[in-house]
Amino acid sequence: MITYERKAFYHETDQMGVIHHSNYFRWLEEARVYFLDKLGLSYKHMEEIGIISPVVSIAAEYKKPVKFDDVVIIYIRIAKYTGIKLELEYEIRDRSTNDLMVKAESKHCFIKNNSVISLKREYPSFDKIFHEYVINQDK
Amino acid sequence: MITYERKAFYHETDQMGVIHHSNYFRWLEEARVYFLDKLGLSYKHMEEIGIISPVVSIAAEYKKPVKFDDVVIIYIRIAKYTGIKLELEYEIRDRSTNDLMVKAESKHCFIKNNSVISLKREYPSFDKIFHEYVINQDK
Amino acid sequence: MITYERKAFYHETDQMGVIHHSNYFRWLEEARVYFLDKLGLSYKHMEEIGIISPVVSIAAEYKKPVKFDDVVIIYIRIAKYTGIKLELEYEIRDRSTNDLMVKAESKHCFIKNNSVISLKREYPSFDKIFHEYVINQDK
Amino acid sequence: MITYERKAFYHETDQMGVIHHSNYFRWLEEARVYFLDKLGLSYKHMEEIGIISPVVSIAAEYKKPVKFDDVVIIYIRIAKYTGIKLELEYEIRDRSTNDLMVKAESKHCFIKNNSVISLKREYPSFDKIFHEYVINQDK
C-alpha cells in the first residue's frame, strides 16, 4: 500500500490549538499527487499534456485532532475506477499511536480542453496503470 | 434566510485558474460565524466562555468552479439541531448568475472542558435561539 | 485616500491565538486588487490582456497582533511609480482603536510574455492613471 | 549549516502558475521550527513551557518563482542574537539548479506571560545554545 508521511506545520494550526479542518484536504491532495507519482502518473506531467483532474466531491470525518509537530501517515486506496471516474479513500493516522485521526474520500474526473474525457479511450496507458493497481492494491 | 456574501481572492486561486477546492471550506466557516452572529450567538463570545464547536464531518460537491474576483452568495440552513448536534447545509451561488457552484454540509458538536456538552441542558438560552430559528427558517 | 476594510477570519488564526503573520500578506494583496479597481485598473482585466504584476519584494513590521473577528482598515499609498516599477506602502489599523497593527511595503513590476514591460511605453493609459493618482494622493 | 528541504505543493500555487508569494513565509517558519529542533530547542516544547517567539518583522526578495513539484532547499543562518532578539537570514534555493529563488530575513523576540523576556537572564541554557551555534555556524 502506498502511504504518504507528513508533519503538521505550525501555520496549519488555528486558535483551537489544532490543525484547521480545511488543511486536511490539502494533505489529501499532497497524498494524491504522491500516490500518482508512485504509480508512474506524474500529476505535473498530466497537466503539461493538458489533462487536469479536479475534485468532483470530497468528504471527511474528523475523529481526533492532529496537533502541531505531530507526524501522520496517510493511507490511500482506490475505491473505484471506471476509466472515467476515480474514487479514492483515505485514512490519516498518527504515526506513533496509529490512531485514526481523519477518514476521507474524494471523487475525481479527468478533463481535457474543458471536456470530461475517458482515460480508457484516450489514454489507455494511464488507464492500464489504474486498473492494474486496483487489482493488486489489497493483496 | 441568512446569506453571506464573499468575493473570491487572488490568493485563493491555484494553477488550474480557479479557487482551490480546500478554500470553500474556509468560506463555509466564515458563513457559519456570520450566521451565528446574526442569530445572536457570537462565536467569539462562545470561545471566550469556553465553548468550542468543532467540525465533526464535512462534505462538498463541486458543481462549477469559482474564479478570481467573482462574488458568491452563501446560503446557509440548519438541517438538524438536537440540542447536542448541529447539522448545516450550504449552497454557494454565483451572485450574478445565481448558478450553484458548490453544495455542502457540515456537522458540529459543542465542547467544553474537553467534553461534548448538551446546549439544551447547559446553555438553554443558546438552545432556544437554535430551536426558534429552525422553526422559522423555511417560512 | 483609498482604504480597504477587512474582518479577520477564524481560519486565519494560529495556535498563538492571533492572525498568522503570513496572512497579512494576503490581506495586502486583497487591498492592492481593491486599490487598482478603484483606480480603474482591474487586475482581473490586466491578467486577461496578458499583464501580470508579481511581487518583487515585500516586507512587514508587526506592531500588534490582530485577533479573530477584529476589523481592520488597510491604508494604501503609492510610495514610488516610475512607469516600470511600482512601490506601495501600507498601514493595517484596527478599525475601532485606530491602532497601527502592521506596517508594510511591497515592490512590483509588470510582466508581459515573460518580459518586464514599461507601462509608460506600452500602456500609456494605465501609466497616466498611476501618475495622476500619485500627484493627488496626499492632497 | 542546517538546511531544510521542501517540495512545493499544488495547493500552494496561484493562477500565475507559481507558488503564491505569501507561502514562502510559511516555508520559512517550517525551516525555523526545523532549525530550532536541530539546535535542540523544540519550538513545541518552548510553547509548552509558556515561551512564544513571534515574528517582529519579516522581508523577502523574490528572485525566481518556484513551481509546483519543485524541490527547494532552505538555508538558514543566525544574522544576530543578543539574548533578547534573534535575527535570521534565509536563502531558498532550487535543489537541482542551486538557483536562488527567494532571499529573506526575519526578526523575533521571546515572550512569556505577555512580556518580552531575555533568554540570557531567564533561560541561560537556551541562550548558550544560540551563542554556541552563532560562533560555529560559519566555520
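By letter and in written order, the chains are A, B, C and D; residue numbering begins at 1 in each of them.
FYI, a contact is a pair of C-beta atoms (placed from the backbone, for glycine too) under 8 Å apart; a residue touches a chain by one contact, two chains touch by 3 or more.
A quick note: this is a predicted structure, and the numbers were derived from the prediction, not measured.
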{"item": "Greatest separation from chain A - chain, by CA centre", "value": "C"}
{"item": "Interface with more contacting C-beta pairs, comparing B-D to C-D", "value": "C-D"}
{"item": "Separation of mean Cα positions, chain D and chain C [Å, integer]", "value": "25"}
{"item": "Approximate Å spacing (C-alpha centroids) for the pair chain A, chain D", "value": "29"}
{"item": "Centroid distance [mean C-alpha coordinates] between chain D and chain B, Å", "value": "35"}
{"item": "Residues within chain D bordering two or more other chains", "value": "10-11, 15-16, 22, 26, 29, 68"}
{"item": "Interfacial residue positions of chain A with respect to chain B in the complex", "value": "15-16, 21-23, 25-26, 29, 47, 52, 54-62, 65"}
{"item": "Residues of chain C defined as touching chain A within the complex", "value": "10-11, 13-18, 20, 22, 68"}
{"item": "Chain B residues touching chain C - in the complex, by the definition given at the top", "value": "9-11, 26, 29-30, 33, 42-44, 68-69"}
